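Here's the structure we're looking at; comments come further down.
Order as written gives the chain letters A, B and C; numbering starts at 1 within each chain.
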Amino acid sequence: MSTSRKTGLLNPQIMRALIGIGVFLALWYLLTAVLQLPRFKLLPNPLSVIAEWISFEPVSGRSIFTKAFYLDMGFSIARTLIAFSLATFLGVLLGLIMGWNRIFYDFSFPIVEILRPMPPLSWIPLAVLILPGVELAVVYVTFIAAFFATVLNTLLGVFSIDKNYFLAASCLGSKPKHIFINIVVPGALPFIFTGLQIAMGVSWMSLVAGEIISGQQGLGYAIYEGYSLFQFDQVVCYMFTLGILGYISSAGIRALGRRLMAWESRRRGA
Amino acid sequence: MASETKEPGAIRIKHVSKIYDPQGVHVEAMRDCSFDIAAGEMAIIVGPSGCGKTTLLNAIAGFDDITAGEIFLDGELISSPTYQIKPNVDRMVVFQNGALFPWKTVIENIAYGPMVQGRLTKAAARDKAREMLEWVCLNGMEEKYPEELSSGVQRRVEILRALINEPRVVMLDEPFRGLDAVSKTVMHEFLMQLFCNRNRTMFFITHDLDEAIFLGHKVVIMTTRPAQVKKIVPIDLPWPREHRIMNSKRYLELKGEILEAVHEEAKKAFQAGERELA
Amino acid sequence: MKTPRGKLLKKVFSARTLRGLSSIVLFVVLWQLVVYLKVPYLQNLPYPEDVASHGLAAAVSTGYWIDWGLSLSRIFIGFIAAQLLGIPLGLAIGISRVFRGFTFPVFEILRPIPPIAWIPLAILFWPTRELSIYFLVFIGAFFIIVINVIQGVSNISVNLKWAAFSLGAKPNDIFWRILLPGSLPSIITGMTVGMGVTWNVLIAAEMIAAQGGLGRTTWEAYTNHNIPYIVVGMVSIGIAGYLCSTLLRWLGEKAMPWKRKF
């Protein structure tokens, strides 16, 4: 046990990773704090970022020991969670039905194709004007981003199912509802999860933009506020906070996917 | 409602033709095919690849329609240009590339049919599936996913999934394609055992002439596209058969006869293929 | 119940186009109706014909096309820079395990940061607004292309490599004839996904920080409360993004003749 841990630490993989990260931080520090090259001296250096992040009395009023930090996080997480869950529910449902029913597909696909190329963020002005309250507009923009990615991937998922599974299921005496539950849903699942993975990334991005442009609270808003108040350390802290949250959420989706798709990971030779 | 159909069915194929015409590309897949398969008979269909054997299978299964002729199952019309029966449990298909549901375990796959038909409860269906697995010495595989199994085992599970429904006809579309010679002999004996125990009408498509003669009551040789019945060779070897039979004089005579007919068609198909490519 | 197949196919085909067209017509009618009947909130939408007339007016004005040019040039500069840096980096990480060990963790730390969160730092660092927008577009496409190239390299079958070696290929040949074409499908996928993200980033960046461009005029229409023009802007952005993706798909087909099936 102890030997394995030892080799774990001395593992060249981990050593290289640590060196790589070390070099990155050192270079960052060198460029911004030591050499103070023309443009680089405007950027915060890693030490001041960390100092701000863990300070008891942060300049910006936002560190891991202040309520404001968790409030910002809470707002962003809640918005993303609401928008993403709604987009998953509606997107998967719409995608499955579109893939399953030819007539419904013929009617809905042209509209999806017209609305889809518009980047989610181009909806911001309209959403702010139309929807009551800025809060809803931010959630809507986040929702739209996740929604189309989910619909499209779910649809691709249904189309990816081998036609023989449908034939086999009909031979075995399945009624449409059996086919939907036993073939369409599990068959599309791998693509659905790819879609959710993409949707999560786009959601966070759109959320940040939505918060910057129209929000009142949340990490994106705080980043922009930090920028206008010249509190650049806090800006970088929040960038990494967003990165961590994004990473955790996509890792969560991956883990859920692995749980639901045991057959994929237990494939022969995989 | 799917009733228990214990008796094997007889198939009558009368003057069946099929022309595919997607967007004006006129392809004649089958022309005036007629032959009978008696109840409980093992009929083997051989012919050059792409000649339209699967087209016939699709018509009997109810996956596709025909453009002329009629097909009867036990005297009941199941396919004609104006009528196409729906796929159902009395005509079970084992697919060329395998169609076990990869997201269901072996036992879930086998128990699926009786469960969705409402014929058995979930527990009863699983019990029966387990019984069948034991019967062919595949116990211990219940909770595995198909893709964890070798392709030979996958094929056996798929055949069990078909048989648990007690179909009147089992249709197998080159089920042992891609298996190595050793696994194939195991599969042949497996099928022989199943066939002797639960006599079902079989419609078996293959390229492998040894497989055809070893397993069949009769071999139906099809011509190159458009598929027509070239020759029907009854196999008068005694049942049940063992692999030793492949050395017998009668076996070799039959093989010679079939080989000649098939070879002629293969040459035509080859030349046609060359023409198509040119 | 069944008609002969040829007729049936024709029927299905025309029925499908008909359904598509009627759904679009239905969509516009519904839109019109929703505004006309003053459905809560949605009544603030402009009428379709207002949007159409604003769109026509825009199409004959030079300012509108200057916006197109500005947005497209921003996209292309940032996007191409991302490919030029990202593809070699992805190949290097995919090929060399040692290089991967050093660089990939840093890459993975930076990757989850939403590109738009880079806006303040970008404005701060780059001397002009224009440069900072190029940078944001670059960020939007860069991480995606790198990840896709890495995946592409790792998906190449080892057999191909051995086959090439046994045919007497040198490492150099392996790179140009196996690794590069072998990862091409993933490169194209990465570019297509990246293009989508890039437009999203560009629009946000233009709204927040740019002078001119489709995103900016849409935003200005918002501040002037010119709602029909907001929709014109959205549609224009949609068309521009669609054209870029189509261009990429076309390039992909050109570059990969062996995949032309779809």
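Here is the rule we go by: a residue touches a chain if its C-beta (ideal position, glycine included) is under 8 Å from a C-beta of that chain, and two chains touch if they have at least 3 such contacts.
Everything numeric in this text was worked out from a predicted model, so none of it was measured.
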item: Centroid-based (C-alpha) most distant chain relative to subunit A; value: B
item: Chains linked by the largest number of contacting C-beta pairs; value: A-C
item: CA centroid of subunit A to CA centroid of subunit B, Å; value: 49
item: Averaged-CA centre spacing for the pair subunit C and subunit A, given as whole angstrom; value: 17
item: Of all residues in subunit A, the ones touching two or more other chains; value: none
item: Residues of subunit A defined as touching subunit B within the complex; value: 162, 164-165, 167-175, 178, 182-183, 186-187, 189, 261-263, 266-268
item: Footprint of subunit C on subunit A - complex, ascending; value: 12-13, 15-17, 19-21, 23-24, 39-40, 42-43, 103, 106-111, 114-115, 117-126, 128-132, 145, 198, 201-202, 204-209, 212-213, 219-220, 223-224, 226-227, 232, 235-236, 238-240, 242-244, 246-247, 250
item: Subunit A-touching residues of subunit C, taken from the complex the two chains share; value: 15-16, 19-24, 27, 41-42, 44-45, 98, 101-106, 109-121, 123-127, 193, 196-197, 199-204, 207-208, 215, 218-219, 221-222, 225, 227, 230-231, 233-235, 237-239, 241-242, 245
item: List of subunit B residues in touch with subunit A within their complex; value: 2, 61, 63, 86-89, 91-93, 95, 97, 99, 101-104, 112-113, 116-117, 144-150, 161-162, 165
